[in-house]
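Following this line, the structures themselves.
Two complexes, one shared chain (subunit A), two partners (subunit B, subunit C).
Up next is the complex of A and B:
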């Protein structure tokens, strides 16, 4: 990781809780991460691990009855000042300037996040005019330009079409165009390719990589697909039950994981070329615990192969430094001797 | 899993199967466009094997699976089934009443474990009802059998009084599997059974499917879009593109040396779970062809990097390239396409 770059966003011990009639759901329970300018950071975790709530906390769009209970989210504004987003009024001027203007977000399902009753062009023009004082004709020109940048075919025609008239891959391009229209410095991508077919996914990932280089923006990339993480990010944060369990440079996550959950994820997924190795999958036993009944001690102990039955059950491990730029939340991080994925050549030689 | 033995008998032979939608008069008198969802598919599934069907959304793989299980009525073609007692019946043309004895033999597992279970029925009703309807068990016997099945799929027998909402996604998929097993089927059509599940649960379900197959000598038609899962589980694989099979081969052959450019593109598009691999996918241009308005010649030609003049005008046939290997491409064999090994080497 390049330490010369400024820190753009720093989440520190964030807690976002949902107060429901059945009890409190601690969706995010002490999550910390850092993103430097221009860096691509991946967040990995299964459904219910709190990754989406964490993202929504950044933009202060946590749906009711969710509330940020503790922690800070510090973001470097365009003028260089570090602002705490958690202290802002969630409907105030400041956060509205940041949303779309400085931090943009793209969602998993482009069909449900685009308005079905407005044309692609109208939606992008609106975003531009919210943040920049430009006349309508100029905004339209800028829209066509940005659509061309995301390699949209026939941008001058697509601009007047509705989302249902174009394909899923094109809708995702339109959404990326909208997100980029105000040149954000941080792009939050919440499972941006999960709803797409692999060949379309490959197109969108290639596009995002090119745009990141071109615009120099940082990307917070949320996904459960380890292939996407490996190809798109420099640094990875693994989440489980609202907490960061491991964070490390992408190479360490894949070749020297220190947390049993990371290790288990790497080994439970069939990967192309693995069959010839003749291995049976090693599933993670059990399921993600009920959010109303968080396990005591380490939240992963109920599913962990290395559970010692004592300390793991009673004491919550701290997220601590286990290597350069590498943190893990496990009492035994250094001593388990976990293996990463094998080198590609060994994997496929049959 | 071992590859199929030489003695294996065909259990399902799909011949020129077609399913077209539309093409009917609408209220205004206009005729709607015909969508050729499945357009002349032919393959044979052998007893005890796992036959994979891969392709992107809209390629017709789900429609094909449903036609085979007769959840949909095919427009044309045959699905010849070999019952246990011998002989052969065409499931595609049987009348509903005559089909009934064979319905037990071909069951389905669905993608979405939430919408495929009736929220108002207990597990006992969900899994037990097919047994009662088909006269396999009555009264207390149903409870015993349901309890056994629940335990077999990794749930507790006491759960039979509960409703589906009380279970997680992975558990619900286990319930769906128990229901499919209730009638002692011989063939199970698995339509994307793990794609809606969390990654940590996927492996549990895949391993369960493998164990059940070994135990009960089941035959699977496994429909999926995840190539990693297909490579892991299937003995043979058919690749579909807009309603047609474009390539069919044993799994190891297909992944080692694809013969159709679409197969190569699909494999190269999967991002490798290895940060040291810098794969340049063979990016396809544009989107899947429109099944209501197919391009002339080879349906894949507008997106194919190896397209020549012949591909634009003449539609290729699915031909047997070598024993057991089928491909629908004029240039099969003359092209040197990359398999997973070459793709991985290019990574280094």
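Up next is the complex of A and C:
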């Protein structure tokens, strides 16, 4: 559907490993995805599936002792040239120009993601001055402007306040303002609403949709909340144990999943009216395996209802086309006949 | 900020008053008084009559009730009269005027030396945690923390004497000892003092460096550091601006204790190094129960502590806006 748009970011078989004294943790072990310009892509998966590490790999801010072991991350620069981010020095000029300037990131915890000892304005002005040659007075003006854009009340006062003086929702607005201050072409959002209460969450999501349309930027939205995915994204990538197990347009994910893990995720979340229809909630069997002892074959076989006991245990399935713009990493993706959910979660418009 | 400073100044006055009471009482705590220890030091065989003792007590004002003694000491103190040292038979003010400037001339540069060296080392150790340099610095830090300063002083004197053929103790080298003031003499004094500062400061450096390292390690993994990194800031610039700024608060809050710790910690070291600061004076005064001298020194040192704490509080308010005024 979006093939007329340029590819903005293409991750190909990314592997990010942590070398610890206890052994190697393969946090990301074969992640591939594409984001087109202006597209909103969701990444879902349980805690520890490698979502956050993948995001940090893009910006090259993987914390020690994590290292990118293999794969490429190609990003279309402002001038149209495709640059491989994995080849850059993680503290070099090139990647630092991209960070904040072309790819911005907002984090999960608005409480701790802002420096407690600097004013909101100080932190946003700094971002602007890092990427744009403007005098301090102009940067301050731009900061008030961007704060107003994220619907911050009294932006001309908030600019001089400290994070502890404003609410969690306002802090996340300030984070978004900081991220958008340099008009990035890709916004990475790492569970930006998880730490907020439901009302504030809805406001922030609506704000992000509005701003995405206004700025025309692509969003890579990471969450473990499928409801948020349904609201926010047009394309979804499902991750399990560091691998992309399925990727498809959002409707296909909900109506016609092809990977048993996606299927299990969909049926493990409660929906309105489920009880009266006589349906029970099905939890995913078992727990995420120990990262030091990855299962052989398909990493999901230990929890999969369709485990055949042979091929699944011995052979790692490849991520392959199973439909238009739809990939799955399962030997039996075409033949399982998995059912989607009857109605996708309510979509909230901006 | 101004209001806060004024309010804190008011509290300082109360603190100083309480300290004056404590300083005075503590000096009275050991059994006996100056007259006892004075008589004990008189050459044996002389028989001192009871009348003579009573007369001595009356002469020094020691026969009166404690409250009266305290009150007289305090009112005199407020008029700048700190009393007379029984032992030296000179005014306390004189004795202090002689030694306090030198004490400050050693402790203030020592404090500056401690912070100037310990904070950068702590930052480096934290940022390069578990590197070879971090291990070496931590190892050296523990050694200097564990070895008492006066022992380091003794070792320095030995090394200075054995290998460089010169004495380390004292303020001046022998050739300048009695010479009139000259540029050479001043340089010589600074040279001798820098060694004293180095020796007295080592344990302070070791301790402060550990605090700085530990604090910064906690902060380096905070989410706001990642935010700054994702903004495109260079690594060292962001470390200095964000986590160091937060981590330095607890270090600043130690300024209040570092001043008196240096001043009292220098007592034995200064005695070993034969430097005429207030340290050896206080040690002597306490040993011989020279109460006005001892109480006055303790009082003056306490006031310095209170001032140090005041400075550190003001710095904290500047460093961490979460501290409400």
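Everything below uses one rule, namely that the second predicted complex is superposed on the first by the 342 of 350 C-alpha atoms of A that agree within 3 Å, B and C clash if a C-alpha of one lies under 4 Å from a C-alpha of the other, contacts with A are read in each partner's own complex, and residues count from 1 in each chain.
Just so it is clear, a contact is a pair of C-beta atoms (placed from the backbone, for glycine too) under 8 Å apart; a residue touches a chain by one contact, two chains touch by 3 or more.
In this text, all values refer to a predicted model and were calculated from it rather than measured experimentally.
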Field: Superposition-derived comparison: subunit B or subunit C, residues of subunit A touched
entry: B
- prompt: First (subunit B), second (subunit C), both or neither: which does A:257 touch?
  reply: neither
Message: I'd like to know which partner A:299 touches here: subunit B for first, subunit C for second, both or neither.
response: neither
Message: Let me test your reading of the model: by the given contact rule, A:105 touches which partner, first (subunit B), second (subunit C), both or neither?
response: second
Task: Classify the contacts of A:281 with the two partner chains as first (subunit B alone), second (subunit C alone), both, or neither.
output: first
Query: Regarding the shared-chain residue A:116, is it in contact with subunit B (first), subunit C (second), both, or neither?
result: second
Task: Identify the partner contact of A:47: answer first if only subunit B is touched, second if only subunit C is, both if each is, neither if none is.
output: first
Message: Which residues of subunit A touch subunit B once you look at their complex with the stated criterion?
response: 46-47, 153, 167, 169-170, 197-203, 205-206, 224-232, 250-251, 253-254, 264-266, 268-276, 280-285, 287-288, 303, 341, 343-345, 347-350
For the subunit C and subunit A complex, residues of the former touching the latter: 221-224, 226-235, 241-242, 245-246, 319-322
Query: Inside the complex, what are the residues of subunit A that reach subunit C?
result: 59, 61, 63, 91, 96-101, 104-105, 107-109, 112-118, 123, 126-127, 130-131, 162, 164, 175, 178
Statement: Touching subunit A in the complex, subunit B uses residues 56-57, 168, 170-171, 198-204, 206-207, 225-229, 231-233, 251-252, 255-256, 265-277, 279, 281, 283-284, 286-288, 340-341, 344-345, 347-348
